[in-house]
Amino acid sequence: MVKGLKLQHKIYLGLMFLFLYAPIFVLVLYSFNESEAMGRWTGFTLKWYNELFRNDTIKNAFYYTIVCAIISTIVSTIFGTVAAIGIYYHKKRVQDYVLNVNYLPVINPDIVTAVSLMILYISVGIQRGFTTMVLAHIMFSTPYVILSVLPRLQAMDPNLIDAAQDLGATPLQAVRKVIIPEIMPGIVSGMLIAFTMSIDDFVISYFNTSGGVTNLSIEIFNMAKRRVKPTVNALATIMVAVVVMFVFIINRIGSKKKIEYRLKEEEK
Amino acid sequence: METSEIKSTSYTVNKIKSYNQGSVKSNKPLIEIINLSKEFDGEIVLKEINLTIKENEFLTLLGPSGCGKTTILRILAGFVSPTNGDILFEGKSILNLPPNKRQVNTVFQRYALFPHLNVFENIAFGLRLKKKKDDEIVAKVKQMLRLVKLEGFESRNVNSLSGGQQQRVAIARALVNEPKVLLLDEPLAALDLKLRQEMQYELKEMQRETGITFIYVTHDQEEALTMSDTIVVMNSGLIQQVGTPIDIYNEPKNRFVANFIGESNIIPGQMVADYKVRFENQIFDCVDRGFHPNEPIDVVIRPEDLLIVDKDSAPLVGVVDSVIFKGVHYEICVIVNGREYVIHTTKSARIGDVVGLTVEPENIHVMEVEGVGNE
Amino acid sequence: MNRTIKSFLYPYAIWIAIMIVIPFFLIFFYSITQSRPDSPAIFRFTLKHYREFFKTENINILSKSVLLAVETTVLCLLLGYPAAWIIAKTKANVQNVILLLFILPMWINMLLRTYAWQVILGRTGILYTDAAVVIGMIYNFIPFMVLPIYTAITKIDKSLIEAANDLGANSKEAFLKVVFPLSMPGVVTGIVMVFLPAVSSFAIPRLLGGGQYVLIGNLIEKQFYLLNNWNFGSAISVILMILILISMRFMKKSGEMGGKGGAIPW
């Protein structure tokens, strides 16, 4: 269509990115600010980082966030993949039932999902804490894993499984040696969704933990409600740095793969 | 399909002869299909199929799409269980064996190669499951690659192969397991004509070299005629006729088989007595016997068996209605008593000419009217 | 034959029964009962929580929540559609970079970014107003609008636009008559994906609207955390679910759902 972008399009995108990145820039900037009050620059300092590393509450929250994300990602990825394969092998009617229930946490407002689970825990008399938080995370991430794996299964040539069994594979071997490699991209993207949602979750965790167990979102929420110290900015800056590094690495791997692929194509 | 029209039959029959020369078949039954029926959601797909498949045989299931060929293969492979009936393999029922325990391998219609594995690993798949030693696997895979003429393709991605090459990998992947029986479900349907003919020849070669029983599914009658030792003609879940290609071609048991196996002139008539048949108000000598006197029958005459002769000495006289050049032969349509006769001949004729038609007694095939039914 | 593989479903079926279905019914159960203060194990059927919801003050909160969510959605659409369209027009290699830049902020904790808006808006003096809440929600949810629309536009067969041009449409007409109608699935998905979290959000209104600011999400939170009135909280949750169900139905009718995997339950 149109070669390059018209000036007004560039301006539009530029303003959009200004909108998206201004808050992040502000966060990073004031993490180096001498004064405790944000909005007034008084000089460069690293003392908030120092304070951050000595802040046990934040360190704890960070620890819980990461451990919870790792456990819930691993469990929900395996659980969701296995369930998706099971669903795929059932009749349409069974599939519909399961998928409808599976959709509930996806379309229900987070807060409704959160309080319903909280009511369950309390009604059964389970003390809310780290375990309940992890279980809650597994509960809301597994449906996303299923939703990203299932289309892969449906796109797979159904004869592949027959072929594997024909060549001597038991059903379990067919799953391991043929189905899993086939649906791997779906599993990976499901896993990424699960991890992102767990790391980022606020509402579900907020209602389903107690007794000193928190995660970063909850801590930030509590701090932001009251008076905020730039330690939070220091935390934000570190997060930004991690994300940018992560993206950079992924991009490098990606472009390397791309180059390899191109070379292969040219060989032909 | 334009091309299948050229199945000028003398060519086909020659091929049959040349392929089958010298192949010695044992007569031991390997698979017995007994009263096999299958329903899908109440719809009957196979009706009481009975069939014996011998060792080293190249058997073809031939029939129009939807007649149940694939279903038979899938029941043999173990992917589908029958509603009724039994399957004996070397005398023992295998219905309760899962697919991975059967000495049967399948070449799938769309190949079903594993996209995440390269050519070597696709072929080695079954051997790895059997926990064979690495050097044995390498040796066997190499041998298979030689057999299917894909040496040097070991590390290629299967998606980068052409249709014909993928087909060969699928065959190698199945054959490397040394199955007693190889099931092939329209393995050549996706290939273009030239490649298909080449592969027909190669498949036949492979079967002879390996001595493995092939059960081959196709809806292409030429393919069936060229490759098979035995053809099983099917229609809507029923076996119509079982026989050698020459039997099936020359002695179709009913209208369906006659029509399906090739273009035919089918004319109603009566059996006057043994070796005497009447049609078009003429009495002809023939080679059939055993019918009731004056029993109504259908007469089948292949287009290449009708000869155009001088009208004065001919039993049938008609007018040339159309002449079409078909490459190897002309297809000439002659109207006799208001009925169309199709003739294949290498000599042309002029439209509007009055010509005579004759046919040798051994080329008149008599079949029962409405002869639909099992063997 | 594949009974082994079929059985893969059963653990998950049990899991969702416990973790999704039972909580769902519990909420419903709590919304229509009241336990006696002296003996909490005895429940009595009542509809008073629903009656209470329909008091003016609560209805006002609901309509304000819906209004702000609609405002947010409309603004996201107006701002996001052109962005999606421009991105879809850029060259493939630039496109990936721009998309990445769009997604990147989402990977930084939502509450941190909302807190940053506290700082920015605090200086402009509109902090703790409706406008602040709407800006915060647009900021958080606009990628959910841009991405599905972008996907829908890139899926449009280029030859359709060429065909439109060939048939005499100028680029504006081609856009109005071909591109825009064909991008509708993305628009619908975007609307759903923005409206859903916007109408039930409670962290953003709390941080940008101030401690006294109440939307429907805050109202629910208050019942569970502050007032310990689960029954009323459950009734609001049920009403919120029904509201969302109705709007999903409505959206489903006005366009095919893309994105979230297609079918909408019920």
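Which chain is which? They are A, B and C, in the order written, and residues in each are numbered from 1.
The criterion applied here is as follows: contacts are C-beta pairs under 8 Å (C-beta built on N, C-alpha and C of every residue); 3 or more make two chains touch, one makes a residue touch a chain.
These figures come from a predicted structure and were not determined experimentally.
Asker: Which one of the chains is closest to the middle, using the mean of its C-alpha atoms?
Answerer: Closest to the centre of all protein C-alpha atoms: chain A.
Asker: For the pairs A-C and A-B, output the one whose chains share more C-beta pairs in contact.
Answerer: Between A-C and A-B, the larger count of C-beta pairs in contact belongs to A-C.
Asker: What whole-number Å value describes the gap between the mean CA coordinates of subunit B and subunit C?
Answerer: Each chain reduced to its C-alpha mean, subunit B and subunit C end up 60 Å apart.
Asker: Centroid from C-alpha atoms only, then distance subunit A to subunit C, rounded to Å. What do you get?
Answerer: One centre to the other, that is 17 Å.
Asker: Between subunit A and subunit B, what is the gap in Å from one C-alpha centre to the other?
Answerer: The computed centroid separation for subunit A versus subunit B comes out at 57 Å.
Asker: Which residues of subunit B are in contact with two or more other chains?
Answerer: Subunit B, residues with two or more chain partners: 78-79, 98-99.
Asker: Mark out which residues of subunit A touch at least two other chains, giving numbers and ranges.
Answerer: 170
Asker: In the complex of these two chains, what residues of subunit A are touching subunit B?
Answerer: 157, 159-160, 162-170, 173, 177-178, 181-182, 184, 268
Asker: Under the touch definition given earlier, write down the residues of subunit A that touch subunit C in their complex.
Answerer: Touch residues, subunit A against subunit C: 1-2, 5, 9, 12-13, 16-17, 19-24, 26-27, 30, 38-39, 79-80, 82-83, 85-87, 89-90, 94, 98-113, 115-120, 123, 135, 139, 142, 147, 150-151, 170-172, 174-175, 196, 199-200, 202-203, 207, 216-217, 220-221, 223-225, 228, 232, 235-236, 239-240, 243-244, 247, 251.
Asker: Would you mind writing out the residues of subunit B in touch with subunit A in their complex?
Answerer: Touching subunit A from subunit B are residues 74, 77-79, 98-100, 104-106, 108-110, 112-117, 125-126, 129-130, 160, 173-174, 177.
Asker: Considering only the defined contacts, which subunit C positions touch subunit A in the complex?
Answerer: For this pair, the touching residues of subunit C are 2, 4-13, 15-16, 18-24, 26-27, 30, 79, 82-83, 86-87, 89-90, 98, 100-102, 104-105, 107-120, 122-123, 139, 142, 158, 161, 196-197, 199-200, 202-203, 206-207, 211, 217, 220-221, 224, 230, 233-234, 237, 240-241, 244, 248, 260-261, 263-266.
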